[in-house]
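There are structures below to look over.
Two complexes, one shared chain (chain A), two partners (chain B, chain C).
Let's look at the complex of A and B:
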C-alpha cells in the first residue's frame, strides 16, 4: 500500500504529487493522457516540436519538478473505479482507498492508498442549440487541444463563440495559424469585461496577453460581436453556416463556416467525490457543484482531498498552489509531517492560491452558466446526445413527477449513456431547476463506478464461464 | 447520408488542415472506412480525421446525432469509431501505421 494516490496529472495534480513525494511520502499519480500536463499544459505527442509559449514553459517546469521527485507517474492509465474509504459494508471501518485503472496494454491495475488527492480538472460546458450535433461543431477547449497538442486547425473558416477568456485565446491562435476567423461571438457584453478588469490588475501578464489577442483580431478585421449568441448551426450532413443574434433579440446574421468552436465555461469534474458520497454544494461562480472543502482542501470524507479546477474553477495559475495545500494536509493527516512543519509549509502555497484566485475567480465568473441560454433552447433540441433526449422530454418528465436529476435520468435515460451526463448534465439540471426551484433542489446524478467506459473483457480478465462459482444444491 | 459524406464536401476547402512550421513524426498510412489516409504517427486519430477533411465520423444510432469529435479530451464519447474492430474514442487513440478504422 502506498501513502498518497493522486488522480489527475494537470497543474494541481503534478504539484500535489511533487510536494508529497518531496516530503518523503510514497506517491502514485494517475492520468489518462500519455504524458503529464492535463489539458491546459498538455504535452505535445512524442516526436513533435511545437513553438514555445508561456503555457508550455509553465507546464514544462511542473513536469520537470515532478520528474525530479520520487513520485511514480502512471500516465496512459484510465482510472474507472474508485473504492475503499467510506465505501465499505455498513458497520465496517473505513478501508484504504482503492483505484482501478486500465493500463496502456489494456490490463487492469489495482492500487491501494492511505490517502487520495483528487485533481480531476474540468470539462467544458456547451449549452445545446439547434444544429449543435452537426459535425464541425466542437468545443473551445477541444480547439485548443487540436491547435496545441496536434497542430491541426478545426476548419479553414471558423466561428469562435461562447464565454470567457478562451474565446479570444482560441480566435487569436486560429488567426495566427492561418485559419480565417469568420466571427467571434461573445456572450458577455463589453461592460462585463470592463467590470472584470480590477481583478485582473494583479495579473498584468494575462491582461497584456488578452489585449494582444484582441488587437490581433482587430488588425485582421475579424468581427467581434459582444452580447451575441449562436442561434443555430446549419448544414447538410456537416456544418456549413451559423446564425447569430443579439442576446437581447433582434435580427439574425449568418456566417458561412466549416467549423464552430463553442464553449460556455468549465464545469468541475466531480464524479469521484460524488462516487464517495462526499458533501457538495452548488456555487455557480465556481463552475457548478463542488465538493465542500475546509481551508486545507479536505473533503467531508477523511483522507480524501480535492484541488485544482475540479474543486472549483480558479484557473491554471491557482491550481499548483491548491495542489500543494492538499498534499501538505494529506502528509499532516497521515502523520508524515508534524503540525509545526505543516503550518510553516502551507503558508506560502495558501497565499499563492489566494492571490491567483482573484484573477482566476473573475474569469470563472465570466464563464458561469447563463440561464438565459438554457431558456432559449427550443423544445425539440437534443440535450442528451448519448441517448437522444430532447428538452421537451426532460420537461415532460418533470411534469410527470420527476423532482430531481436522478429521477429525470430514470424517466428519460438523460445522462445514462457513455458520457454519464458530463455533456448534458448542466443544461438538463438547469431545465429541471427552473421547475423545481433551483439547482440545489434539482441535485445531481449519483456518482457511480465505472467513472469511464471500460470494456467487459478488461474487467473480467481471465475469469471464464467455468469460473462462475456454482452453489451446492440445497438439500431436499 | 453516407457515413463519410462530409469528406467530399470538405476536401476542396481543406485538403490538409495541419499547421505549417512545426516538426512532426513521419506520416504513416492507415485506413478509414476502406480509404487510405496518411497522418503523422502519434497524432490523435480524431485530429488526423479532421485534418483529412473528415468531420462526420459515422452515423451512430441516429442520423440526428452522428459521430463527431466534440471535446477532444475523452469526456463526451461522441467521436467513437472502431479501431481494429474495437470501439474506441478517436480523440484518445494515437495514429499507428496500418490501423483499420471504421465508423461505429
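Let's look at the complex of A and C:
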C-alpha cells in the first residue's frame, strides 16, 4: 500500500504529487493522458516538436519538478474505479482507498493508498442551441486540446464563441496557426471585462497575455461581438454557418464557417467525490457543484482531498498552490509531518492560492452558467445527445412529478448514456432547477463507477468458469 | 382537521402503488406517502426481469399473473407503461452440478405452473443465437420478458392521480399512533387503515406498531453496457439464478443476478464490491461471448428485502386491526402489481384470488395472532 494516490496530473495534481513525494511520502500519480500536464499545460506528444509558449514553459517547470521527485507517475492510465475509504459495510473501519485503472497495455491495475488527493479538473459546459450536435461544432477547450496536442485546426474558417478568457486565447492561437477566424462571439459585455480588471491586476502577466491576444485579433480585422450569442448552427449534414444575435435581442448576423468552437465555461469534475458520497454544495461562481472543503482542502471524507479546478474553478495559475496545500494536509493527517512543520509549510502555498484566486475567481465568474442562455433553448432542441432527450421532454418529466435530477434521469433517460451527464447535466439541471426552486433542490445524479466507460475485455482478462465465485443460490 | 383517509399506504414502490391504485378504484379515499420520490428505490432501479426461472416456485402462480399485468399495463394503468417486452427466457447450466440444479428447479417451477422445458444446447442456441457453446443444457420458458424499471414511477403516477389517490412524495413518516394517527414531517394525518409497503424498511415500519419483524437486506448490484448491435434476444439466466441478462431495444445490455454490493438500510446502496462486479460481468461474458466487446457505462445498486423464510410478507398485521403489510416478495418487482391487487381485494373485504402470505409465521409467538 502506498501513502498517497493522486488522481489527475494537471497543474494541481503534479504539484500535489511533487510536494508529497518531496516530503518522503510514497506517491502514485495517475492520468489518462500520455504525459503529465493536464489540459492547460498539455505536453506535446512524443515525436512532436511544438512551438514554445508561456503555458508550455509553466507546464515544463511543473513536469521537471515532478520528474525530479520520487513520485511514481502512471500516465496513460484510465482510472475507472474508485472505492474503499468510507465505502465499506456498516460498522467496519474505513478501508484504504482503491483505484482501478486500465494501463496502456489494456490490463487492469489496482492501487491501494492510505490517502487520496483528487485533482480531476473540469469538463466543458456547452449550453445547447439548435444545431449544436452538427459535425463541425466542438468545444472551446476541445479546440485548444487539438491545437496544443497535435497542432490540428478544427476548421479553415472558424467562429469562436462562448465565455471567458479561453475565447480570446483560442481565437488568437487559431489565427496564428493559420485559420481564418470568422468572428469571436463573446457572451460577456465589455463592461463585464472592465469590471474584472481590478482582480486581474493581481496577475499582470496573464493580463498582458490577454491584451496581446485581443490586439492580435484586432490587427487581423476579426469581428469581436460582445454580449452576443450563437442562436443556431446550420448546415446540411455538416456545419456551414452560424446565426448570431445580441443577448438583448435584435437582428441576426450570419457567419459562414466550417467550424464553431464554443464553450460556456468549465464545470468541476466531481464524479469521484460523488461516488465517495462526500458532501457537496452548489457554487455557481466556482463552476457548479463542488465538494465541501476545509481551508486545507479536506473533503467531508477522512483522508480524501480535492484540489485544482475540480474542486472549484480558479484557473491553472492557482491550481499548483491548491495541490500543495492538499498534499501537506494529507502528509499531516498521515502523520508524515508534524503540526509545526505543516503550519510553516502551508503558509506560502496558501498565500499563493489566495493571490492567484483573485484573478482566477474573476475569470470563473465570467464563465459561470448564464441562466438566460438556458432559458433561450427552444423546446425541440436536444439537451442529452447520448439519448436524444429534448428540452420539452425534460420539462414534461418535471410536469410528471420528477423534481430531482435522479428522477428526471429515470423518467427521460437524460444522462444515462456514455457521457453519464457530463455534457448534458448542466443544462438539464438548470431546466429542472428553474421549475423546482434552484440547483440545490434539483440535486445531482448519484455518482457511480465506472468513472469512464470501461471495456469489458480489459476487465475480464482470461478466466475459466471455475474462477467465477458464483454465490450460493436462493432457495427454490 | 380534515376527514380521515380511508387508507394510508406508506411506501410508493410498486407494491404501494399497486395497492393504492386498486384501493382507490374500489372507492377508498387513499393517501400514498413516501419519504422520497415515487418508485425511486428498488422499484425503479431493479433489472426489470419478468422471468419465471428466477421466481421461487411458490410464487410462480403470482408471477404468471403479474407478467400478464405488466404486458398489458397501459390497459389497466390509464396508458402508463414500462415498455414491457415479451420474449422467451433461457436458464443455462455450464457444469454437471448446474445440470442437476437446473432440472430440479425446473421440475418444481413446472409443477407450480411455469411452462419450462429442458432443451439441448443446440435447441437453446436456436432460441438464443448469442448463447455460448459452453452451455451444456438449458431450461426454456416461453413466458418471460422484461421492463424498463426506471419508468415504473412515471407509469403509475397519472393513474394514481386519476383514481383520486393523494400522492405525497418527500414526506417521511416518523411514526404511527393507534387509530391511526400518522406522524409525518409535514404534520399529522389520520387514516382508518394503514398499509406498510416500505421494502427493506418494513422492519422499522413494523416497529412503529410494536411488531418485531426481522427483514434481511440484499444489496443487489446491476451493470449496464453502452449501446451495442444486437447480441441477444432472450432473457438469459443461469441455473443458480445468479445472472440475469437482457438487451433493450436501444441496444444496452443489463447485467444483473443479485450479486451483492456494499450498503445497508441506513445508507442505501453505497458501492459495488469489486469482486462481485468482476464475477458478475465475467459470468455475463461467459454466457454471451459477444459482450466481451462491450463497454460498461454504469453500475448501481438496489435494496431487496427478504424475510426469514424468503417468502413474502403480505396480509394483516396480527393484533393491530386495520393494519396491513406488503413486501419482501422474492423477485418482488416481477410479481408486484399482482400482489398489490390481491392485498387490495383483502382490505376491501373480498376473498383474494390467490392466498396472501400472512406474517404470523415470521413473528415471535407472543406477537402472532
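We adopt the following convention: the second predicted complex is superposed on the first by the 462 of 476 C-alpha atoms of A that agree within 3 Å, B and C clash if a C-alpha of one lies under 4 Å from a C-alpha of the other, contacts with A are read in each partner's own complex, and residues count from 1 in each chain.
Methods note: contacts are C-beta pairs under 8 Å (C-beta built on N, C-alpha and C of every residue); 3 or more make two chains touch, one makes a residue touch a chain.
Here the structure is a predicted model, which means the values were calculated and not measured.
Of the two partner chains, chain B and chain C are each touched by A:455. Contacts of A:418 after superposition on the shared chain: both chain B and chain C are touched.
By the touch criterion defined above, A:247 reaches neither chain B nor chain C. With both structures placed on the common chain, the touch criterion links A:473 to chain C but leaves chain B unconnected.
Looking at the shared chain after the overlay, A:124 reaches chain B, while chain C stays out of its contact range. In the superposition on chain A, A:376 contacts neither chain B nor chain C.
Judged by the touch definition given at the top, the superposed model places A:207 against neither chain B nor chain C.
Using the contact criterion defined above for the overlaid structures, shared-chain residue A:2 touches neither chain B nor chain C, since it reaches no partner. Look at A:404: by the touch rule set out above, it reaches chain C but stays clear of chain B.
417-418, 453, 455 are the residues of chain A that lie in the contact sets of both chain B and chain C, per the superposition on chain A. The part of chain A that touches chain C in the complex is made up of residues 81, 83, 87-90, 98, 100, 110, 275, 277, 397, 400-404, 406-407, 409-411, 413, 416-418, 420, 446, 448-450, 453-457, 459-460, 463, 465, 467-471, 473-476. Those residues of chain C lying in contact with chain A across their complex are 37-40, 44, 54, 56-57, 94-95, 101, 104-105, 108-109, 134, 150-151, 153-154, 157-158, 167, 169-170, 225-227, 238-242, 258-260, 262, 264, 266-267, 270-272, 274-275, 277-279, 281-283, 285-286, 291-300, 310, 330.
Per the touch definition, chain B reaches chain A in the complex via residues 1, 5-6, 9-10, 13-14, 17-25, 40-44, 47-48, 50-51, 55-57, 61-62, 64-78, 80, 86-87, 91-92, 94.
Residue ranges of chain A in contact with chain B, taken from their complex: 32, 34, 39, 45-51, 123-124, 126, 133-139, 141-143, 145-147, 149-157, 177-178, 236-239, 258, 382, 385-386, 388, 417-419, 422-423, 452-453, 455.
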